[in-house]
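Encoded as structure tokens, the structure appears first; notes follow it.
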Amino acid sequence: MYSHSEKSQQLLSKLSQFMSEHIYPNEIRYAQALHNAPRRFAPLPLMDELKVKAKKAGLWNLFIPEEHAQYSEHGGLSFVDYAPLAEVMGRVIWSPEVFNCNAPDTGNMEVLMNYATRKQQDTWLIPMLSGDIRSSYAMTEPQVASSDATNIELSINTDGQEWVLNGRKWFITGAMYERTKIFIVMGKSDPDNTNRHKQQTQVLVPKNTPGITLVRPLTTLGYDDAPIGHAEIVFDNVRVPLENVLLGEGRGFEIAQGRLGPGRMHHCMRLIGSAQRALELACKRVSTRVTFGRPISKHQSIRENISRCFSEVEMARLLVLKTSNKIDAEGVSASVDMIAATKTTVPLLVQNIIDRCMQMHGAGGLTEDYFMAEAFNYARWCRLADGPDEVHQMALGKSIIDRYAAK
Amino acid sequence: MYSHSEKSQQLLSKLSQFMSEHIYPNEIRYAQALHNAPRRFAPLPLMDELKVKAKKAGLWNLFIPEEHAQYSEHGGLSFVDYAPLAEVMGRVIWSPEVFNCNAPDTGNMEVLMNYATRKQQDTWLIPMLSGDIRSSYAMTEPQVASSDATNIELSINTDGQEWVLNGRKWFITGAMYERTKIFIVMGKSDPDNTNRHKQQTQVLVPKNTPGITLVRPLTTLGYDDAPIGHAEIVFDNVRVPLENVLLGEGRGFEIAQGRLGPGRMHHCMRLIGSAQRALELACKRVSTRVTFGRPISKHQSIRENISRCFSEVEMARLLVLKTSNKIDAEGVSASVDMIAATKTTVPLLVQNIIDRCMQMHGAGGLTEDYFMAEAFNYARWCRLADGPDEVHQMALGKSIIDRYAAK
Amino acid sequence: MYSHSEKSQQLLSKLSQFMSEHIYPNEIRYAQALHNAPRRFAPLPLMDELKVKAKKAGLWNLFIPEEHAQYSEHGGLSFVDYAPLAEVMGRVIWSPEVFNCNAPDTGNMEVLMNYATRKQQDTWLIPMLSGDIRSSYAMTEPQVASSDATNIELSINTDGQEWVLNGRKWFITGAMYERTKIFIVMGKSDPDNTNRHKQQTQVLVPKNTPGITLVRPLTTLGYDDAPIGHAEIVFDNVRVPLENVLLGEGRGFEIAQGRLGPGRMHHCMRLIGSAQRALELACKRVSTRVTFGRPISKHQSIRENISRCFSEVEMARLLVLKTSNKIDAEGVSASVDMIAATKTTVPLLVQNIIDRCMQMHGAGGLTEDYFMAEAFNYARWCRLADGPDEVHQMALGKSIIDRYAAK
Amino acid sequence: MYSHSEKSQQLLSKLSQFMSEHIYPNEIRYAQALHNAPRRFAPLPLMDELKVKAKKAGLWNLFIPEEHAQYSEHGGLSFVDYAPLAEVMGRVIWSPEVFNCNAPDTGNMEVLMNYATRKQQDTWLIPMLSGDIRSSYAMTEPQVASSDATNIELSINTDGQEWVLNGRKWFITGAMYERTKIFIVMGKSDPDNTNRHKQQTQVLVPKNTPGITLVRPLTTLGYDDAPIGHAEIVFDNVRVPLENVLLGEGRGFEIAQGRLGPGRMHHCMRLIGSAQRALELACKRVSTRVTFGRPISKHQSIRENISRCFSEVEMARLLVLKTSNKIDAEGVSASVDMIAATKTTVPLLVQNIIDRCMQMHGAGGLTEDYFMAEAFNYARWCRLADGPDEVHQMALGKSIIDRYAAK
């Protein structure tokens, strides 16, 4: 089996215990707190309570990789070592934030670790690492197919000592959240550059910069994912100092490439946990529910479906681990095929697994009484997040064909 | 082809025109009105406006079947004649109410036409037919698998001149709606009757009767379906006069049998319209969206998926029509197999069709900017409404096996 | 429901009786006769016996459409009227020949009715109508994607008073059959014509013409479909008189267009019968087989699968009937979308239905003891016959997108 | 990644080279030799040639596990170490016999290693290990659902110093093969034993014992799998000495339990190789085939399908490896859930992968010109071999439900 380091195993054990003591028992309380919150996207006091406990338990910033060990107390974890931890967090949709391990902040922190100046890090990375502020990554645009990054239209121009941004973004996760203070914005600074991968630049834009309008929170399948949310945002002559650039003008595409692969893997890791929990809930349900005189666990069709769910969770988990292992050993660039295979396979599998588990719960399975409906939504939008699956299948298919094509 | 009467065709033409003039152009306005409504389950003035127009246009109570012609101006429509009308209404989730054709009121009105006393009809049916009040059908319970009606536990006992109700219901569509005034409640009045189909009774219970508590609105996949909603309700020593019984004590199961078949068909008819519209939206989308230098309509995978969606919509529609035709010719009881085939096939097909069409829209396809996400939710819960598909497949499978079994 | 004429209903009743009396009881005998035949592709005496009976019963040439009524005793049948008859024949893979209704002869006879000269008809059509000889339609080539007819490479050149053919064909159904005497060969006579649809010509080539080599019989999934078979053929300087041309030089594409649509529909009609019979066999099987103490018909998963099979057969049949109805009313050209929808949907559905029914039979379901394995093969190759499904989905998808595209 | 020992890697490298030098280049020759064989189930000289070479290359009896190291030159291989070797053999359906690694002989040899007396081993095991003779395992019966071993009806009674066998078996792989000399027969010796798992006994029965009739070879999807074959056999008062019993009277069930798990795994390992090769062939095909002016490798739908096939092969392989690893570490009994998950998942996945790859080949994909059609058949019958998938899903589903059921 894929072997996890002793450190990973100890953290897993501690994390599982923390979930049992502090997360599962608070699921209802969290739902009510959110329901009764004065403002839909305000931070919840319960979250702050739990974050304190997680820090104290040494379950903080678990996403930090080995090469950035200095930013963590645990000393950094490989992909393979982080996978089972992210899986466990995926069992409760809102729990990753408790451990400062939620998207998009983890990816954004990595960007800042990799590419930010010391001053940028002091201002933004440090409070993100401590969980004091949150961040967004503003890339997707409504007017163009953003999966092809060269389509991006938000303009970033220099004017004196400032960048001036004009354009519209949407699906900007976290932007609605009141705790969010900083946006990493990808735009086009040099649209006429013949190298289409040098046209983009990324800059740091404080959320309260004049000219930024949060147009609305977007929903997916009826969910607004509050208090995090996904925003539509207009940038109207938004000005930031030149020093806010990341890495350098024209290097936005390069940053995006490095950022998105790991982000996709983290989603898949968490989705394994969602599927596993749905399966466990379904087992509990069918063992207690009686129809026509016998528990539905005795129906052959139920057993076949549970059997299918189990086998698919196993396979999805193994695929995540193999890809993680390859990233650890060979890096993200050498692993693009396996990342694409994982990203285009796991969310769809998980969507179908959860669909079956919801069905075994009867109508209640679609409600907020279980975590499944929200997890179904999570799996569904992951098939479109960071590029629709079809774009990744195009690249993967091409690569595999080339690998075996008649020479 | 299945032939629709001239009356049906004329109504269809008028209805399609009405949709173009009054419904599609108001979709955004409706969404905003709902969003800004002072109370989540309050009637929307826009709905009342549109209802006036629909009445004036002769597009009112289109669901009324031929045997109850006296309640309609149009003289009654067969199932086959109603099917294309319901399909068109299914193109906008909230539009059936505009024409007084929404669930669960249509089914409830049929119950009252069939089984209510003259006095009950004067009090409740007449204002329902005019659209002044709405109603709910309270059958499903959270504690038991209500697909097996003999499981129902809400107790209905006589005490002097009154029925006394105690129990809990959920997924009671429309109960949250402020315009709703009356519940038809199914309960158990004679739990020890050896004939398990004589244990149930249905009574009329005004919503404002003391002892009724609307516990909460339920969501499915993140949708609360406001302002109609699905409620959880507690009945705590709720008392109504003996005369409020429908048809007679111990005849609740009989009423339920007659009511649910047509209701399932109406859902399927509307879902065809939802799928057809999703397909049309997808065609528009792929013909305008450009990636990697060409419209995505030129991708072979897009064409294959559009082709699949088209073929499946065709088949689903034909199945609905064949079953409708059989009901018209032979009645509901003789058509249970075909109703089960339709109920267990169409929602799942439509869910998958819409899933593909959402995917072709990119992330936007999951939002409230299109009707697809809500229609996806509609298709999904129809796989559990009126009994999970599996219960109907059990009955249908058994029947087909018996039909061809070795003698 | 789709209404079948009285004539069709009477023929159906007679045909069903004939199947019960003469076909089903001879299935084992036929299998043994084929197994013991002296030569694999020799005509079977049993077939001749049955053909005599079918003729006598008035069940002969049922495929003949109304516009060619003069060639039949029954006076011609519409597509809708022929559909249920072809379905019944589809219940036994080899039975269509008994009624002179087997592919590819039916399509070839139609070509000759439509396009042949009187002399050509006297020589070839008349003995085909009587069942004395059989024919092949030689279009597909191994080297090129023949689904795009303009790819075809077999050359047809004039040399004096003769056509000279050179090239290779494969999947030429019937060519191995010893009773087959005539090939309709499609080739390229004018490869430089700027109109790509005028480059092809079709000529009549007697099977015994010098230069023809039957290279080998091809198998699909292990079946050689003897005694009919699918051949690979080489044409090496094969010469036939100029008068053997069909319709005229450069009109081969036009003939192919008209021929293939109806042929695809006939396959689908028969496949409905194959699926229906597999379903009936599965019902018999599960009602008699006992595992772990009870008949497997009581397993919920079996009932769900039977339910699925029933519903899918219903939908597939309805799609065939709707398309048939459209062809009857508007002709083949106006029905290309519906023909494509049918051709790309029915074989795949039937393959999956039969797969489930085989599974319910245990290992025996895959053997020659039931007709299912061979019917599975039939459905499978229909997904590639007359052009792979994907080519038809490309055309259908394009057409539907155009229909609804944003203007 | 799962780590394979250096020994395994060296053997893999040698085996791959052997395939390239001796197996792939002989595929056509093998097919022709089989086609032209004087008797359908006679050994082929080509096979003997290749076996000599394989022995010489040290690629012999690779299946032998570590605990039986004494029977091999290579010193025994764990499940994980054997998996990639079996995968490579799965790339050519008939190649495992070249390495003395074909079913059912490998399983039978293991039975003899585990349970046979020294004398039995000398007589039968030794010549099997050298490849001189072949064997069959006679368990399945046509009249009963043999997946429930307690259903087995062939009677084994003692009469003096002999066992007397009466009954009928089918799907007895290898029994038709002329090289096969010995059957391991499972029957019922004590049908009234209240312990249903003590009723069965297994005995060694030489194929040429009087009373044995090979009724016929069975086909699956048209394949007779010659020269190995699957036979139907009648045992009519077949007598063998008492010493021919394996392990002891009443211990047949125990032997079957131990034998079948590994056998299922070996099938899955080989099927991975079949799927991998189909994928590679499809890549070659789409990179060379042109339709409508461009290679079909550029179609988005082709790329999506290749992408799907690749991801599924990866997952299937990982599942096989995880289960293999568990068997190595904890034994077969502790691994029954994972074996069931593998057995019910891999063949179906592989069937679908190959189906897509065949479709990408056009009609030729179904013929004997590629190995895919036969591999499709292999995957298909594995869904029924050693018990239909549904029986294993029943057990696995039950076990998983118990694991997570509400306590």
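Letters A, B, C and D name the chains as they come in the text, with residue numbers starting at 1 for each one.
By definition in this document, contacts are C-beta pairs under 8 Å (C-beta built on N, C-alpha and C of every residue); 3 or more make two chains touch, one makes a residue touch a chain.
If you're wondering where the values come from, they're calculated on a predicted model, not measured in any experiment.
Novice: Can you tell me how the remaining chains group up by touch if subunit C is left out?
Specialist: Excluding subunit C but keeping the rest fixed, the chains that touch end up as one piece.
Novice: Just send me the rotation angle from a CA overlay of subunit B on subunit D, rounded to the nearest 5 degrees.
Specialist: 180
Novice: Using mean Cα positions as chain centres, tell me which chain lies farthest from subunit C.
Specialist: Following the centroid criterion, the farthest chain would be A.
Novice: Rounded to the nearest whole Å, what is the centre-to-centre distance of subunit A and subunit C, using the mean of the C-alpha atoms as each centre?
Specialist: Here the centre of subunit C sits 53 Å away from the centre of subunit A.
Novice: In angstrom, rounded to a whole number, how far apart do the mean CA points of subunit A and subunit D lie?
Specialist: A distance of 43 Å separates the two centres.
Novice: Any idea how many Å lie between the Cα centroids of subunit C and subunit D?
Specialist: Taking the average C-alpha coordinate of subunit C and of subunit D, the gap between them is 37 Å.
Novice: Mind pulling the subunit C residues that touch 2 or more other chains?
Specialist: Counting only residues that touch two or more other chains, subunit C contributes 300-302, 304, 390.
Novice: If every chain is a node and each touching pair gets an edge, what shape is that graph: line, ring, star, complete or other?
Specialist: complete
Novice: Of all residues in subunit A, which touch subunit C in the complex?
Specialist: Result: residues 299-302, 304 of subunit A touch subunit C.
Novice: Which residues of subunit D touch subunit C in the complex?
Specialist: 140, 142, 145, 147-148, 151, 170-171, 218-223, 289-292, 296, 301, 359, 362-368, 373-374, 376-377, 380-381, 383-385, 388-391
Novice: Can you tell me which positions in subunit B touch subunit C when the two form their complex?
Specialist: For this pair, the touching residues of subunit B are 1-2, 279-280, 283-284, 286-288, 297, 300, 302-308, 310-312, 314-316, 318-319, 322, 325-326, 337-338, 340-342, 344-345, 390, 392-394, 396-398, 400-406.
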